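Some structures are shown below for you to check.
Look at the two complexes coming up: chain A is in both, with chain B in one and chain C in the other.
Moving on to the complex of A and B:
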């Protein structure tokens, strides 16, 4: 490494800039293209999953070179479960979730390859691309079903319990990585909702809470009246445990505390009954007592909406409490995944073991908190051996070889480490 | 709110007192004095002796508190002026032979009309352009607009004004070189209005080109800042269209500093564009005040500067009030 330069020469910098602008133009064009839904329709590998990440690569084209923030991530979120994604800052866990929403900071950040399969329920369209409404029907004297007509003889569109129009829906598995932004918009907020890390800055300071809630309802529930949206928004505020929903509805974000704002964010996320909620470090910016309340709330709502949660955090305690499955990420790759019991009771990867050790515990008396030695490798020039090798205490000869593949230790537990190559053959998890 | 405004107005009185004192001192230190010049000219061929003229002049100057140029003499003169000013008498403009209020009142509206129309056009062009540039940062439009704006900012008004006169008035003959009308009588109605507008095309273009750059860059910077905010990501995560994100969530936040910035233009709105008006020989307040100042018309210069000072104070107060209107986080405390 001694001959490695710590600067970029002018010509190198120019070459990077040229390459970046070419790549960015290419991907932006793909995102803005018009295409038929068939182009991004695909099939799930396992029908029980709601989301499947498959070899996802999300890169940032920076001035210093291409940063491979997410570098071949594959995992899936089963329906009705909570999946925790853990890892230290900068390991790509947030970028993975933003890729799922197509919200990676453009233009420098782009999904380069791989696929994100999502089981969506989309509006059925007729030949001219319009939504097909469902009409009210009555059974006439002959026992035949007929359309109910209004005073002017027009068919009446069926209303759902919120007062919105009912349209014919179809279940369709889409590949979000290939979806144009236009189509993505009907999934954002309606099918997948996101709760962000910073409740203090995630709400627009110049609009009232009510305005920001109603906006989502008016956008995604067609034919709903303003009064109905307001009633629904206030219901949601009540659902997330806000004591005075009518009062909060009229308030501005700066008049609320951090915990209240995070509750409002959750209310916004719940408004359209999404199938999947992404919670990107929802408790990091809150103090400990509020953290517990918000986690309880998330667990409670998961039961109510019958959906899945993708919980991103660096707090192992949070994951232990919430998650059914855990994915451990390091430097843009998944290094270990399994059920929560697998990861907490039988961690295999030296990094996961190190993470567990560096967690502060109350009842043990330790002089100094454990910390994993060394640093994460530079994301611009990743080595092609195991990224954790230089920091690993259990490094063996084989580690000099190329990046290890996944080893299925038990049916639910996978790890990317050479240490366990033989473990599988022996049928021994330890 | 009312308490806050009253407090600010009381403070404004103190500020205006200080401002007027400084301006008065500076004006009194000028070597020219239009009263003395006019008096000498009108009495030089009347047969009166030099001594008589001097005595008459001193008496006249004493009536306005201008006879003594020592420190205490100026102080005394200042309070004489202040006393009349507080009674609503801003003094006589000797250059124009009318009271200062009348001079300002007469010429102000032309300047206001020009500046106001220019400001509206400037906003219509600069704000959307700034937002467009920010959204397509480092795109073709952004680079072109930035270069043109820099050119606009870099030109001094007298240079651009003269350049325009040379190109469009002298060489091409499309517009008039200056003035407000080419002698069509006001009775001609629509033709008269068109004639005036025709004369105003060049000066207004100069004013817009010079000021558009600043506002556009300001809008662009603010928009860029807002575009990176977390709440914009939230807005996108809701599934809103890009247009709605930009024109509702981004623009409403960009507006906060813009409103403040625009409130500060109040003095220049009424005060006229001194140099531009002069180049195009427009009878606006800026040009008239400039001529008065050159001639040493102390009371006109004093009145004009106080007029600007009052407008500035009101503009700043207005900016603060508007700030509370557009940003719900701002609460004006007493």
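Moving on to the complex of A and C:
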């Protein structure tokens, strides 16, 4: 460390600033462009997935250089399952989820390459870009279907159970990484909802809880009236287990406790029946007893709305309890993924093993905790060999080479480590 | 703390008796405290030299306040704190300064507890120089020795805290505490702001230092697994009280208090096959400004009985060395005694209330006195009493004179 300089010279700084502004201008232009939906429509690799990350790169163009926060992440979230993303702080797990929401802190943060495929149901639009309503029909005496007409002879638009107009929808797979900002608005909050880390800071202190809930409903549920939205919001507050929903509806965030605020956040996320809920460290700021309540609620709700959850956390215990699939990230890359049983019973990557051993558990006694030596490499100049090599105790000669590719150990279990190159062949032999 | 077998060999370092710290949250018109937040409400424990006491509890239960009270970082702490044969709570500030180096603290947030304007060497050595532990000539050498002990490289001496990661900063905080050669170190959530792999490094270092320097820790944390790993004795706090206290083995194997049971069952276990038989607590922790009557935990307790709603349980030794405050472990006599005590208290309170009602009015309390005819007059405390007596005496005198005439009184304020 001592010989490495920890400053940037003036000319270097100028060069970085120039390069950054060029890159940022390029990506901002792409995001604001007008384009036809066909441009960002793709197809899913596997039809059972709801989201597929494919070689996603999200960079931050900072003054000290380009930080590769997400550096080639690929994994998928199957429909109706919970995927846990684990890793230490700074490993890029939050940025991955923010990329999916297109909420990366712009202009410095940009999705540089890769794709995020999402199975969305969007409004069908006619040639002029208008939504096509669904009309009420009646079956007449001849058995033919005819449009129902009102007193003035106009067709009546069908209403849903909340009282909003029904429009024709179509299922389409979109690539969120290539989507312009305005098109994303119809997905964000409606199809994908996010529960943020800190319930203390993510609610607006100057609006009532009811106000903040209604806003989402009025934005995303078509043709709904204010009274209907209020009733729906109160229903949602009831659903997340708030004892006095009418009272809480009128309160301000500071009048609620941490657990209650997190429940309100979940209610906001659930308001539009999203297909995917991203829970970004939903329980980190809460006490264990409240954490247990919130996790229980999330599990219950997942069953009710039949959606998927992407659970981001650093707590292995929470992941073991909630997740069906686990993705372990380290320094912007996925190093291991598999089912929860794969990861917890047969962890392969030295980092995963170290992470599990370094956390004391209530059930077991250990003399001395295992600790992973060293630190996470500097995200600005990553080495070109395996990022974990300098901290790894099992590293072999091959590790000095380029970053290892994924090795499929079992059909569900993938790992990026040279140690298991032969494991697959062994497995085939068996 | 312990029964007599085997553990008496350890010298007692700190004994705390009935520690209380109330914060004033409301004052009346005259600025006198009226409403209190009972952050710590009567906590007693003992720590032997070289042992670690773990304190667990939810946020807002008063564990940090308790830790800070041990170091006299607050004014107005009640109770006794016997440190090496001295009640440090009774010492004057100047006397306490001599003891201060042996009581040190590691704070929770390594990002907020280091001065951004001082170099690492200065941060670590400043207090040692202040207390005269090291002279100018040996200052550099002394600080480097402490830094080496905490795994900090010598060239960090000239650097500033912002150049370090969270784990390194926490090492600096530990070095700062150790530079004074303390005997008791209060660790207030030292690892909760750190990542898992860094947590392990810091915990291992704390354990190593405890062995090599013979330190005693009060380890405050909300993370049960960490507390279990590092502690010898564990105390569980709820709303300012210790609800359970005992050796680590007792607490984790034979959990007594329903709150402790719920707390333990709420910890997620990193094993997908373990299906916990979870005890879900209802609701949130009540406000410490207005704690529930009776047992403070009864609002969330599964085993709540009638007695819990009325009478606060006693904190007593249920098993040898294992303290618990819960009515579930009362014998019949205990219950009877508690009820009798409660009734006695209620009776006394009632008597006191009646006695108060009899007393002359408080000096500052204004009152409105009705006059049977005419206007209502407002009279203040003492004056009122004086007038009352005067009127009474006059009336008595007149009544002796067989009510001849109505008394001609200037200030007939009172009326019998």
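Here is the rule we go by: the second predicted complex is superposed on the first by the 418 of 430 C-alpha atoms of A that agree within 3 Å, B and C clash if a C-alpha of one lies under 4 Å from a C-alpha of the other, contacts with A are read in each partner's own complex, and residues count from 1 in each chain.
Simple rule for what comes next: contacts are C-beta pairs under 8 Å (C-beta built on N, C-alpha and C of every residue); 3 or more make two chains touch, one makes a residue touch a chain.
Predicted, not measured: the structure shown is a model, and the values here were computed from it.
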| item | value |
| --- | --- |
| Fit or clash between chain C and chain B when superposed on chain A | fit |
| First, second, both or neither for A:302, with chain B first and chain C second | neither |
| Partner chain in contact with A:263 - chain B first, chain C second, else both or neither | neither |
| Chain B or chain C, by number of chain A residues touched | C |
| Chain B versus chain C as contact partner of A:414, first or second or both or neither | neither |
| Chain B versus chain C as contact partner of A:117, first or second or both or neither | neither |
| Contacts of A:203 with chain B and chain C, given as first, second, both or neither | first |
| Closest Cα approach, chain C to chain B, once both complexes are overlaid on chain A (Å) | 9 |
| Interface residues, chain B side, partner chain A - complex | 229-231, 233-242, 249, 252-253, 256, 326-329 |
| Contact set on chain A toward chain C in their complex | 1-2, 6, 88-89, 257, 259-260, 287-293, 295-296, 314-321, 340-341, 344-345, 354-356, 358-363, 366, 368-372, 375 |
| Of chain A, residues touching chain B in the complex | 101, 103, 181, 185-190, 193-194, 196, 198, 201-207, 215-216, 219-220, 252, 254, 265, 268 |
| Complex interface listing, chain C residues touching chain A | 58-59, 153, 155, 163, 165, 167, 195-201, 203-204, 207, 222, 224-226, 228-229, 252, 262-274, 276, 278, 280-281, 284-285 |
